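Down below is the structure, laid out as C-alpha coordinates.
Labels for the chains are A, B, C and D, by order of writing; each one numbers its residues from 1.
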Amino acid sequence: LTAVLSRSQVRVRYAETDQMGIAYHGAYFVWFEVARVDYLREHGFTYRELEEKEDLHLPVIEAQARFLKPTFYDDVLEIRTRLTEISGARVSFEYAVHREVDAPAVATGRTAHAAVDKRGRPRRFPEALRQQLS
Amino acid sequence: LTAVLSRSQVRVRYAETDQMGIAYHGAYFVWFEVARVDYLREHGFTYRELEEKEDLHLPVIEAQARFLKPTFYDDVLEIRTRLTEISGARVSFEYAVHREVDAPAVATGRTAHAAVDKRGRPRRFPEALRQQLS
Amino acid sequence: LTAVLSRSQVRVRYAETDQMGIAYHGAYFVWFEVARVDYLREHGFTYRELEEKEDLHLPVIEAQARFLKPTFYDDVLEIRTRLTEISGARVSFEYAVHREVDAPAVATGRTAHAAVDKRGRPRRFPEALRQQLS
Amino acid sequence: LTAVLSRSQVRVRYAETDQMGIAYHGAYFVWFEVARVDYLREHGFTYRELEEKEDLHLPVIEAQARFLKPTFYDDVLEIRTRLTEISGARVSFEYAVHREVDAPAVATGRTAHAAVDKRGRPRRFPEALRQQLS
(Lines give C-alpha, C1' and ligand atoms only; values in the text may rest on other atoms or scores of the structure.)
Protein backbone atom coordinates (compact mmCIF):
# COMPACT_ATOMS: atom_id res chain seq x y z
CA LEU A 1 0.00 0.00 0.00
CA THR A 2 0.96 3.58 -0.48
CA ALA A 3 3.37 5.01 2.04
CA VAL A 4 1.76 8.41 1.66
CA LEU A 5 1.53 10.19 4.96
CA SER A 6 -0.74 13.00 5.89
CA ARG A 7 0.32 15.36 8.66
CA SER A 8 -2.15 16.99 11.03
CA GLN A 9 -1.62 19.40 13.85
CA VAL A 10 -3.53 19.59 17.09
CA ARG A 11 -2.83 21.77 20.09
CA VAL A 12 -3.55 20.10 23.44
CA ARG A 13 -6.58 21.79 25.04
CA TYR A 14 -6.96 22.45 28.74
CA ALA A 15 -10.09 20.29 28.70
CA GLU A 16 -7.94 17.42 27.44
CA THR A 17 -5.56 17.46 30.41
CA ASP A 18 -6.19 15.52 33.60
CA GLN A 19 -5.03 15.91 37.16
CA MET A 20 -1.84 13.99 36.39
CA GLY A 21 -0.90 17.16 34.53
CA ILE A 22 -0.75 15.44 31.14
CA ALA A 23 -3.08 14.90 28.20
CA TYR A 24 -5.75 12.30 29.07
CA HIS A 25 -5.23 9.12 27.08
CA GLY A 26 -8.77 9.17 25.72
CA ALA A 27 -8.02 12.44 23.90
CA TYR A 28 -5.64 10.67 21.52
CA PHE A 29 -8.52 8.75 19.95
CA VAL A 30 -10.24 12.05 19.22
CA TRP A 31 -7.02 13.36 17.64
CA PHE A 32 -6.72 10.20 15.53
CA GLU A 33 -10.20 10.97 14.19
CA VAL A 34 -9.13 14.52 13.32
CA ALA A 35 -6.04 13.07 11.62
CA ARG A 36 -7.82 10.46 9.48
CA VAL A 37 -10.37 13.00 8.30
CA ASP A 38 -7.43 15.17 7.26
CA TYR A 39 -5.98 12.13 5.48
CA LEU A 40 -9.18 11.66 3.52
CA ARG A 41 -9.37 15.39 2.74
CA GLU A 42 -5.83 15.40 1.37
CA HIS A 43 -6.84 12.53 -0.87
CA GLY A 44 -9.86 14.33 -2.20
CA PHE A 45 -12.63 13.09 0.09
CA THR A 46 -14.55 15.04 2.68
CA TYR A 47 -15.80 12.65 5.32
CA ARG A 48 -18.81 14.87 5.91
CA GLU A 49 -19.80 14.51 2.27
CA LEU A 50 -19.18 10.78 2.29
CA GLU A 51 -21.78 10.57 5.04
CA GLU A 52 -24.22 13.05 3.53
CA LYS A 53 -23.97 12.32 -0.18
CA GLU A 54 -22.74 8.74 -0.38
CA ASP A 55 -24.42 7.40 2.77
CA LEU A 56 -21.02 5.96 3.65
CA HIS A 57 -20.19 5.83 7.37
CA LEU A 58 -16.98 4.50 8.86
CA PRO A 59 -17.62 3.55 12.49
CA VAL A 60 -14.56 2.45 14.45
CA ILE A 61 -14.58 -1.31 15.01
CA GLU A 62 -11.18 -1.49 16.65
CA ALA A 63 -8.84 1.07 18.19
CA GLN A 64 -5.48 0.72 19.84
CA ALA A 65 -2.81 3.09 21.13
CA ARG A 66 0.52 3.01 22.91
CA PHE A 67 1.45 5.99 25.05
CA LEU A 68 5.24 6.14 25.08
CA LYS A 69 5.78 9.59 26.57
CA PRO A 70 3.32 12.05 28.03
CA THR A 71 2.15 15.15 26.20
CA PHE A 72 1.23 18.40 27.88
CA TYR A 73 -1.18 21.30 27.79
CA ASP A 74 -0.61 23.66 24.86
CA ASP A 75 1.78 21.25 23.10
CA VAL A 76 1.44 21.43 19.34
CA LEU A 77 1.44 17.82 18.21
CA GLU A 78 1.97 16.50 14.72
CA ILE A 79 0.01 13.39 13.87
CA ARG A 80 1.28 11.38 10.92
CA THR A 81 -1.39 9.16 9.40
CA ARG A 82 -1.06 6.28 6.98
CA LEU A 83 -3.73 4.10 5.42
CA THR A 84 -2.68 0.50 5.97
CA GLU A 85 -5.54 -1.55 4.55
CA ILE A 86 -8.57 -1.05 2.38
CA SER A 87 -10.67 -3.98 1.33
CA GLY A 88 -14.26 -4.30 0.16
CA ALA A 89 -15.83 -3.15 3.38
CA ARG A 90 -13.03 -2.33 5.80
CA VAL A 91 -10.35 0.33 6.09
CA SER A 92 -7.52 0.73 8.59
CA PHE A 93 -5.21 3.56 9.56
CA GLU A 94 -2.01 3.94 11.56
CA TYR A 95 -1.02 7.03 13.49
CA ALA A 96 2.17 8.38 15.00
CA VAL A 97 2.04 11.38 17.34
CA HIS A 98 5.13 13.60 17.48
CA ARG A 99 5.90 16.42 19.89
CA GLU A 100 9.02 17.36 17.97
CA VAL A 101 9.37 16.84 14.27
CA ASP A 102 12.75 15.11 14.45
CA ALA A 103 12.19 13.05 17.57
CA PRO A 104 10.58 9.61 17.80
CA ALA A 105 6.83 9.34 18.21
CA VAL A 106 5.45 9.91 21.72
CA ALA A 107 2.42 7.75 20.91
CA THR A 108 1.31 5.41 18.18
CA GLY A 109 -2.04 3.91 17.33
CA ARG A 110 -4.26 2.27 14.79
CA THR A 111 -7.96 2.12 14.04
CA ALA A 112 -10.04 -0.19 11.87
CA HIS A 113 -13.37 0.85 10.40
CA ALA A 114 -16.33 -0.89 8.81
CA ALA A 115 -18.14 0.61 5.84
CA VAL A 116 -21.84 0.87 6.64
CA ASP A 117 -24.89 2.85 5.61
CA LYS A 118 -26.90 5.16 7.85
CA ARG A 119 -28.70 2.22 9.44
CA GLY A 120 -25.50 0.38 10.18
CA ARG A 121 -25.86 -2.19 7.40
CA PRO A 122 -22.59 -3.26 5.78
CA ARG A 123 -21.90 -1.81 2.38
CA ARG A 124 -18.98 -1.80 -0.02
CA PHE A 125 -16.73 1.17 -0.62
CA PRO A 126 -17.50 3.07 -3.79
CA GLU A 127 -14.92 1.80 -6.27
CA ALA A 128 -13.59 5.32 -6.96
CA LEU A 129 -12.83 5.76 -3.30
CA ARG A 130 -11.17 2.39 -2.98
CA GLN A 131 -8.99 3.00 -6.00
CA GLN A 132 -7.97 6.48 -5.08
CA LEU A 133 -7.04 5.59 -1.53
CA SER A 134 -5.12 2.41 -2.36
CA LEU B 1 -44.39 26.24 39.57
CA THR B 2 -43.83 23.08 41.48
CA ALA B 3 -40.96 23.09 43.91
CA VAL B 4 -40.43 19.39 43.30
CA LEU B 5 -36.75 18.55 43.22
CA SER B 6 -35.13 15.55 41.69
CA ARG B 7 -31.79 14.40 43.06
CA SER B 8 -29.10 12.83 40.89
CA GLN B 9 -25.71 11.49 41.75
CA VAL B 10 -22.58 11.65 39.64
CA ARG B 11 -19.08 10.62 40.61
CA VAL B 12 -16.34 12.84 39.16
CA ARG B 13 -14.40 10.87 36.54
CA TYR B 14 -10.66 11.12 35.99
CA ALA B 15 -11.37 12.23 32.42
CA GLU B 16 -13.34 15.15 33.86
CA THR B 17 -10.44 16.56 35.86
CA ASP B 18 -7.92 19.00 34.42
CA GLN B 19 -4.37 19.92 35.30
CA MET B 20 -5.59 22.38 37.94
CA GLY B 21 -6.48 19.21 39.86
CA ILE B 22 -10.21 19.96 39.87
CA ALA B 23 -13.24 19.02 37.78
CA TYR B 24 -13.17 20.89 34.45
CA HIS B 25 -15.96 23.47 34.30
CA GLY B 26 -17.31 22.06 31.04
CA ALA B 27 -18.13 18.78 32.81
CA TYR B 28 -20.86 20.46 34.84
CA PHE B 29 -22.97 21.02 31.75
CA VAL B 30 -22.79 17.30 31.02
CA TRP B 31 -23.87 16.58 34.60
CA PHE B 32 -26.77 19.03 34.27
CA GLU B 33 -27.92 16.99 31.25
CA VAL B 34 -27.74 13.78 33.31
CA ALA B 35 -29.72 15.52 36.05
CA ARG B 36 -32.53 16.88 33.88
CA VAL B 37 -33.01 13.51 32.20
CA ASP B 38 -33.36 12.06 35.72
CA TYR B 39 -35.86 14.81 36.47
CA LEU B 40 -37.95 13.83 33.47
CA ARG B 41 -37.66 10.13 34.33
CA GLU B 42 -38.91 10.76 37.87
CA HIS B 43 -41.88 12.54 36.37
CA GLY B 44 -42.73 9.66 34.07
CA PHE B 45 -40.92 10.65 30.88
CA THR B 46 -37.92 8.99 29.29
CA TYR B 47 -36.09 11.54 27.19
CA ARG B 48 -34.95 8.81 24.83
CA GLU B 49 -38.57 7.91 24.14
CA LEU B 50 -39.60 11.53 23.76
CA GLU B 51 -37.06 11.73 20.94
CA GLU B 52 -37.86 8.36 19.39
CA LYS B 53 -41.62 8.12 19.82
CA GLU B 54 -42.80 11.71 20.07
CA ASP B 55 -40.18 13.30 17.79
CA LEU B 56 -39.67 15.82 20.59
CA HIS B 57 -36.13 17.15 20.98
CA LEU B 58 -34.99 19.67 23.57
CA PRO B 59 -31.78 21.32 22.36
CA VAL B 60 -30.15 23.71 24.82
CA ILE B 61 -30.66 27.31 23.75
CA GLU B 62 -29.07 28.87 26.83
CA ALA B 63 -26.83 27.55 29.57
CA GLN B 64 -25.26 29.25 32.56
CA ALA B 65 -23.31 28.15 35.61
CA ARG B 66 -21.57 29.63 38.63
CA PHE B 67 -18.65 27.69 40.09
CA LEU B 68 -18.49 28.62 43.76
CA LYS B 69 -16.09 25.98 45.07
CA PRO B 70 -14.04 23.40 43.20
CA THR B 71 -14.97 19.73 43.06
CA PHE B 72 -12.45 16.92 42.87
CA TYR B 73 -11.78 13.55 41.32
CA ASP B 74 -13.93 10.75 42.78
CA ASP B 75 -16.24 13.18 44.61
CA VAL B 76 -19.81 11.93 44.70
CA LEU B 77 -21.90 14.97 43.86
CA GLU B 78 -25.61 15.41 44.36
CA ILE B 79 -27.35 17.51 41.75
CA ARG B 80 -30.72 18.96 42.69
CA THR B 81 -32.85 19.86 39.72
CA ARG B 82 -35.95 21.97 39.51
CA LEU B 83 -38.12 22.82 36.51
CA THR B 84 -38.57 26.59 36.53
CA GLU B 85 -40.58 27.30 33.39
CA ILE B 86 -42.58 25.45 30.82
CA SER B 87 -44.46 27.30 28.12
CA GLY B 88 -45.73 26.30 24.73
CA ALA B 89 -42.38 25.61 23.19
CA ARG B 90 -39.75 26.28 25.86
CA VAL B 91 -38.69 24.64 29.11
CA SER B 92 -36.11 25.72 31.69
CA PHE B 93 -34.35 24.00 34.56
CA GLU B 94 -32.25 25.06 37.55
CA TYR B 95 -29.51 22.99 39.12
CA ALA B 96 -27.61 23.04 42.40
CA VAL B 97 -24.53 20.86 42.84
CA HIS B 98 -23.72 19.70 46.37
CA ARG B 99 -20.59 17.94 47.61
CA GLU B 100 -22.11 17.46 51.04
CA VAL B 101 -25.79 17.05 51.60
CA ASP B 102 -26.04 19.63 54.36
CA ALA B 103 -23.64 22.20 52.98
CA PRO B 104 -24.41 24.99 50.52
CA ALA B 105 -24.17 24.29 46.80
CA VAL B 106 -20.67 24.32 45.29
CA ALA B 107 -22.11 25.24 41.90
CA THR B 108 -25.42 26.39 40.47
CA GLY B 109 -26.73 26.60 36.95
CA ARG B 110 -29.65 26.82 34.63
CA THR B 111 -30.50 25.75 31.11
CA ALA B 112 -33.27 26.72 28.71
CA HIS B 113 -34.47 24.46 25.92
CA ALA B 114 -36.54 24.82 22.77
CA ALA B 115 -39.01 22.14 21.75
CA VAL B 116 -38.25 21.08 18.17
CA ASP B 117 -38.74 18.12 15.88
CA LYS B 118 -35.99 16.01 14.32
CA ARG B 119 -35.33 18.64 11.66
CA GLY B 120 -35.07 21.44 14.17
CA ARG B 121 -38.46 22.98 13.43
CA PRO B 122 -40.24 24.47 16.45
CA ARG B 123 -43.09 22.41 17.84
CA ARG B 124 -45.35 22.59 20.86
CA PHE B 125 -45.03 20.33 23.85
CA PRO B 126 -47.55 17.52 23.93
CA GLU B 127 -50.25 18.74 26.32
CA ALA B 128 -49.89 15.68 28.58
CA LEU B 129 -46.24 16.46 29.07
CA ARG B 130 -46.83 20.12 29.76
CA GLN B 131 -49.53 19.36 32.32
CA GLN B 132 -47.63 16.68 34.11
CA LEU B 133 -44.44 18.70 34.41
CA SER B 134 -46.09 21.94 35.51
CA LEU C 1 -11.93 48.80 27.78
CA THR C 2 -10.22 47.96 24.55
CA ALA C 3 -12.42 46.80 21.72
CA VAL C 4 -9.58 44.64 20.43
CA LEU C 5 -10.85 41.32 19.16
CA SER C 6 -8.92 38.16 18.70
CA ARG C 7 -10.15 35.65 16.13
CA SER C 8 -9.75 31.90 16.60
CA GLN C 9 -10.72 29.04 14.37
CA VAL C 10 -11.95 25.64 15.43
CA ARG C 11 -13.26 22.85 13.24
CA VAL C 12 -16.12 20.86 14.77
CA ARG C 13 -14.90 17.36 15.60
CA TYR C 14 -16.96 14.19 15.22
CA ALA C 15 -16.54 13.61 18.96
CA GLU C 16 -18.20 16.97 19.56
CA THR C 17 -21.42 16.08 17.72
CA ASP C 18 -24.35 14.37 19.40
CA GLN C 19 -27.21 12.28 18.12
CA MET C 20 -29.24 15.38 17.29
CA GLY C 21 -26.71 15.72 14.47
CA ILE C 22 -25.32 19.02 15.75
CA ALA C 23 -22.41 20.14 17.91
CA TYR C 24 -23.07 19.33 21.58
CA HIS C 25 -23.62 22.51 23.58
CA GLY C 26 -20.91 21.59 26.09
CA ALA C 27 -18.29 21.76 23.32
CA TYR C 28 -18.71 25.53 23.03
CA PHE C 29 -17.24 26.04 26.49
CA VAL C 30 -14.14 24.13 25.38
CA TRP C 31 -13.91 26.32 22.28
CA PHE C 32 -14.24 29.45 24.43
CA GLU C 33 -11.22 28.24 26.38
CA VAL C 34 -9.26 27.77 23.14
CA ALA C 35 -10.32 31.26 22.09
CA ARG C 36 -9.35 33.07 25.29
CA VAL C 37 -5.94 31.40 25.33
CA ASP C 38 -5.50 32.69 21.78
CA TYR C 39 -6.56 36.11 23.02
CA LEU C 40 -3.87 36.05 25.70
CA ARG C 41 -1.28 34.77 23.20
CA GLU C 42 -2.04 37.61 20.79
CA HIS C 43 -1.48 40.03 23.64
CA GLY C 44 1.87 38.55 24.54
CA PHE C 45 0.95 36.05 27.25
CA THR C 46 1.09 32.27 27.07
CA TYR C 47 -1.40 30.85 29.54
CA ARG C 48 0.82 27.81 30.02
CA GLU C 49 3.65 30.07 31.14
CA LEU C 50 1.38 32.11 33.38
CA GLU C 51 0.60 28.88 35.22
CA GLU C 52 4.15 27.53 35.23
CA LYS C 53 6.24 30.64 35.75
CA GLU C 54 3.91 33.11 37.46
CA ASP C 55 1.82 30.60 39.44
CA LEU C 56 -1.20 32.41 38.04
CA HIS C 57 -4.28 30.27 37.37
CA LEU C 58 -7.58 31.49 36.00
CA PRO C 59 -10.31 29.02 36.94
CA VAL C 60 -13.73 29.74 35.48
CA ILE C 61 -16.09 31.08 38.14
CA GLU C 62 -18.98 31.78 35.82
CA ALA C 63 -19.85 30.71 32.28
CA GLN C 64 -22.83 31.45 30.09
CA ALA C 65 -23.78 30.83 26.48
CA ARG C 66 -26.70 31.35 24.12
CA PHE C 67 -27.07 28.94 21.24
CA LEU C 68 -28.85 30.80 18.48
CA LYS C 69 -28.37 28.44 15.56
CA PRO C 70 -26.91 24.95 15.46
CA THR C 71 -23.42 24.19 14.16
CA PHE C 72 -22.45 20.98 12.40
CA TYR C 73 -19.70 18.44 12.03
CA ASP C 74 -16.68 19.74 10.11
CA ASP C 75 -17.87 23.36 10.23
CA VAL C 76 -14.98 25.78 10.53
CA LEU C 77 -16.09 28.27 13.16
CA GLU C 78 -14.58 31.65 13.90
CA ILE C 79 -14.68 32.69 17.52
CA ARG C 80 -14.27 36.38 18.23
CA THR C 81 -13.09 37.11 21.74
CA ARG C 82 -13.06 40.33 23.66
CA LEU C 83 -11.81 41.07 27.16
CA THR C 84 -14.60 42.90 28.97
CA GLU C 85 -13.28 43.38 32.50
CA ILE C 86 -10.03 43.10 34.37
CA SER C 87 -9.80 44.13 37.98
CA GLY C 88 -7.44 43.23 40.77
CA ALA C 89 -8.31 39.57 40.88
CA ARG C 90 -10.93 38.93 38.23
CA VAL C 91 -11.04 38.90 34.45
CA SER C 92 -13.96 38.41 32.06
CA PHE C 93 -14.27 37.61 28.39
CA GLU C 94 -17.03 37.68 25.78
CA TYR C 95 -17.24 35.38 22.79
CA ALA C 96 -19.14 35.35 19.50
CA VAL C 97 -19.15 32.22 17.35
CA HIS C 98 -19.56 32.70 13.60
CA ARG C 99 -20.15 30.07 10.93
CA GLU C 100 -19.83 32.64 8.18
CA VAL C 101 -17.68 35.69 8.49
CA ASP C 102 -20.33 38.14 7.35
CA ALA C 103 -23.33 36.60 9.05
CA PRO C 104 -24.52 37.20 12.62
CA ALA C 105 -23.14 35.05 15.43
CA VAL C 106 -24.64 31.57 15.80
CA ALA C 107 -23.72 31.55 19.49
CA THR C 108 -22.50 34.03 22.08
CA GLY C 109 -21.07 33.57 25.53
CA ARG C 110 -19.07 34.97 28.38
CA THR C 111 -16.84 33.65 31.12
CA ALA C 112 -15.51 35.18 34.33
CA HIS C 113 -12.32 33.99 36.00
CA ALA C 114 -10.68 34.38 39.38
CA ALA C 115 -6.93 34.86 39.71
CA VAL C 116 -5.57 32.24 42.10
CA ASP C 117 -2.33 30.45 42.86
CA LYS C 118 -1.71 26.73 42.53
CA ARG C 119 -3.48 26.02 45.79
CA GLY C 120 -6.52 28.03 44.84
CA ARG C 121 -5.74 31.02 47.05
CA PRO C 122 -6.77 34.38 45.60
CA ARG C 123 -3.94 36.49 44.25
CA ARG C 124 -3.69 39.72 42.33
CA PHE C 125 -2.82 39.95 38.65
CA PRO C 126 0.78 40.92 37.99
CA GLU C 127 0.60 44.64 37.22
CA ALA C 128 2.29 44.17 33.82
CA LEU C 129 -0.42 41.75 32.78
CA ARG C 130 -3.21 43.98 34.00
CA GLN C 131 -1.81 47.00 32.20
CA GLN C 132 -1.15 45.23 28.94
CA LEU C 133 -4.55 43.62 28.77
CA SER C 134 -6.55 46.70 29.74
CA LEU D 1 -4.40 -14.90 38.20
CA THR D 2 -7.68 -14.51 39.96
CA ALA D 3 -10.77 -14.74 37.84
CA VAL D 4 -12.51 -12.29 40.12
CA LEU D 5 -14.68 -9.91 38.16
CA SER D 6 -15.97 -6.57 39.22
CA ARG D 7 -19.16 -5.26 37.64
CA SER D 8 -19.75 -1.57 36.98
CA GLN D 9 -22.70 0.22 35.51
CA VAL D 10 -22.66 3.29 33.32
CA ARG D 11 -25.57 4.91 31.55
CA VAL D 12 -24.73 6.35 28.13
CA ARG D 13 -24.88 10.15 28.30
CA TYR D 14 -26.16 12.39 25.53
CA ALA D 15 -22.74 14.03 25.40
CA GLU D 16 -21.26 10.62 24.64
CA THR D 17 -23.32 10.06 21.50
CA ASP D 18 -22.26 11.26 18.08
CA GLN D 19 -24.12 12.07 14.90
CA MET D 20 -24.09 8.41 13.86
CA GLY D 21 -26.66 8.05 16.66
CA ILE D 22 -24.47 5.73 18.73
CA ALA D 23 -22.03 6.08 21.61
CA TYR D 24 -18.74 7.60 20.40
CA HIS D 25 -15.92 5.04 20.53
CA GLY D 26 -13.73 7.31 22.63
CA ALA D 27 -16.28 7.16 25.46
CA TYR D 28 -15.52 3.49 26.08
CA PHE D 29 -12.02 4.34 27.30
CA VAL D 30 -13.56 6.68 29.87
CA TRP D 31 -15.93 3.89 30.97
CA PHE D 32 -13.01 1.48 31.26
CA GLU D 33 -11.42 3.97 33.65
CA VAL D 34 -14.60 4.10 35.72
CA ALA D 35 -14.66 0.29 35.73
CA ARG D 36 -11.07 -0.27 36.84
CA VAL D 37 -11.42 2.25 39.65
CA ASP D 38 -14.47 0.25 40.76
CA TYR D 39 -12.35 -2.90 40.51
CA LEU D 40 -9.75 -1.39 42.83
CA ARG D 41 -12.44 -0.12 45.21
CA GLU D 42 -13.99 -3.59 45.47
CA HIS D 43 -10.55 -4.91 46.36
CA GLY D 44 -10.04 -2.37 49.10
CA PHE D 45 -8.16 0.39 47.31
CA THR D 46 -9.38 3.85 46.46
CA TYR D 47 -7.45 5.13 43.45
CA ARG D 48 -7.79 8.69 44.73
CA GLU D 49 -6.03 7.69 47.94
CA LEU D 50 -3.36 5.74 46.08
CA GLU D 51 -2.51 8.98 44.32
CA GLU D 52 -2.81 11.24 47.35
CA LYS D 53 -1.40 9.08 50.13
CA GLU D 54 0.87 6.60 48.38
CA ASP D 55 2.04 8.86 45.52
CA LEU D 56 1.14 5.96 43.24
CA HIS D 57 -0.16 6.91 39.80
CA LEU D 58 -1.20 4.51 37.07
CA PRO D 59 -1.03 6.27 33.70
CA VAL D 60 -2.30 4.27 30.75
CA ILE D 61 0.59 3.07 28.59
CA GLU D 62 -1.51 0.99 26.22
CA ALA D 63 -5.22 0.80 25.45
CA GLN D 64 -7.18 -1.29 22.99
CA ALA D 65 -10.84 -1.93 22.28
CA ARG D 66 -13.03 -3.84 19.83
CA PHE D 67 -16.48 -2.46 19.12
CA LEU D 68 -18.64 -5.43 18.17
CA LYS D 69 -22.08 -3.85 18.31
CA PRO D 70 -23.13 -0.25 18.80
CA THR D 71 -24.51 1.08 22.07
CA PHE D 72 -27.08 3.84 22.32
CA TYR D 73 -28.09 6.87 24.33
CA ASP D 74 -29.52 6.01 27.75
CA ASP D 75 -28.41 2.36 27.55
CA VAL D 76 -27.40 1.01 30.93
CA LEU D 77 -24.19 -0.90 30.28
CA GLU D 78 -22.52 -3.41 32.54
CA ILE D 79 -18.75 -3.44 32.38
CA ARG D 80 -17.03 -6.56 33.66
CA THR D 81 -13.43 -5.97 34.66
CA ARG D 82 -10.68 -8.45 35.34
CA LEU D 83 -7.09 -7.84 36.39
CA THR D 84 -4.91 -9.85 34.02
CA GLU D 85 -1.36 -8.99 35.08
CA ILE D 86 0.44 -7.34 37.94
CA SER D 87 4.20 -7.28 38.06
CA GLY D 88 6.67 -5.05 39.83
CA ALA D 89 5.75 -1.89 38.03
CA ARG D 90 2.96 -2.71 35.60
CA VAL D 91 -0.68 -3.70 35.86
CA SER D 92 -3.17 -4.70 33.15
CA PHE D 93 -6.93 -5.02 33.00
CA GLU D 94 -9.48 -6.55 30.63
CA TYR D 95 -13.00 -5.27 30.11
CA ALA D 96 -16.19 -6.62 28.60
CA VAL D 97 -19.13 -4.30 27.98
CA HIS D 98 -22.61 -5.85 28.05
CA ARG D 99 -25.92 -4.28 27.06
CA GLU D 100 -27.83 -7.28 28.31
CA VAL D 101 -26.64 -9.41 31.15
CA ASP D 102 -27.11 -12.73 29.37
CA ALA D 103 -25.97 -11.69 25.92
CA PRO D 104 -22.40 -11.63 24.58
CA ALA D 105 -20.29 -8.54 25.07
CA VAL D 106 -20.91 -5.64 22.69
CA ALA D 107 -17.35 -4.41 23.20
CA THR D 108 -14.15 -5.67 24.77
CA GLY D 109 -10.93 -3.94 25.70
CA ARG D 110 -7.76 -3.93 27.70
CA THR D 111 -5.47 -1.36 29.23
CA ALA D 112 -1.93 -1.56 30.59
CA HIS D 113 -0.59 0.85 33.18
CA ALA D 114 2.80 1.85 34.51
CA ALA D 115 3.32 2.54 38.22
CA VAL D 116 4.89 5.97 38.61
CA ASP D 117 5.19 8.73 41.18
CA LYS D 118 3.85 12.26 40.83
CA ARG D 119 6.76 13.28 38.63
CA GLY D 120 6.34 10.32 36.32
CA ARG D 121 9.33 8.35 37.64
CA PRO D 122 8.84 4.56 37.68
CA ARG D 123 8.18 3.06 41.06
CA ARG D 124 7.23 -0.36 42.36
CA PHE D 125 3.80 -1.27 43.63
CA PRO D 126 3.50 -1.34 47.39
CA GLU D 127 3.78 -5.03 48.30
CA ALA D 128 0.41 -5.03 50.10
CA LEU D 129 -1.30 -3.82 46.96
CA ARG D 130 0.44 -6.33 44.74
CA GLN D 131 -0.44 -9.22 47.05
CA GLN D 132 -4.03 -8.25 47.53
CA LEU D 133 -4.71 -7.73 43.85
CA SER D 134 -2.97 -10.89 42.65
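Following the convention adopted for this analysis, a contact is a pair of C-beta atoms (placed from the backbone, for glycine too) under 8 Å apart; a residue touches a chain by one contact, two chains touch by 3 or more.
Everything numeric here is computed off the predicted structure, so don't read it as measured data.
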Would the interface of chain B with chain D count as same or different, where same needs over half of all numbers used to appear in both copies?
same
At the largest C-alpha centroid distance from chain D we find chain C
Where the CA atoms of chain A average out and where those of chain D average out, how many Å apart are those spots?
23
In whole angstrom, how far does the Cα centroid of chain A sit from the Cα centroid of chain C?
27
Chain-centre distance (mean CA atoms) for chain A and chain B, in whole Å, is 33
If a residue has to touch 2 or more other chains to count, which residues of chain C qualify?
14-15, 20, 22, 26, 30, 33, 73
Linking chains that touch, what shape results: line, ring, star, complete or other?
complete
Touching residues of chain D toward chain A in the complex: what are they?
19-20, 22, 25-26, 29-30, 33, 57, 59-68, 70, 120
Given the complex with chain D, which residues does chain B contribute to the contact?
11, 13-15, 30, 33-34, 37, 46-48, 72-74
Residues of chain C touching chain D in the complex:
14-15, 17-22, 24, 26, 73
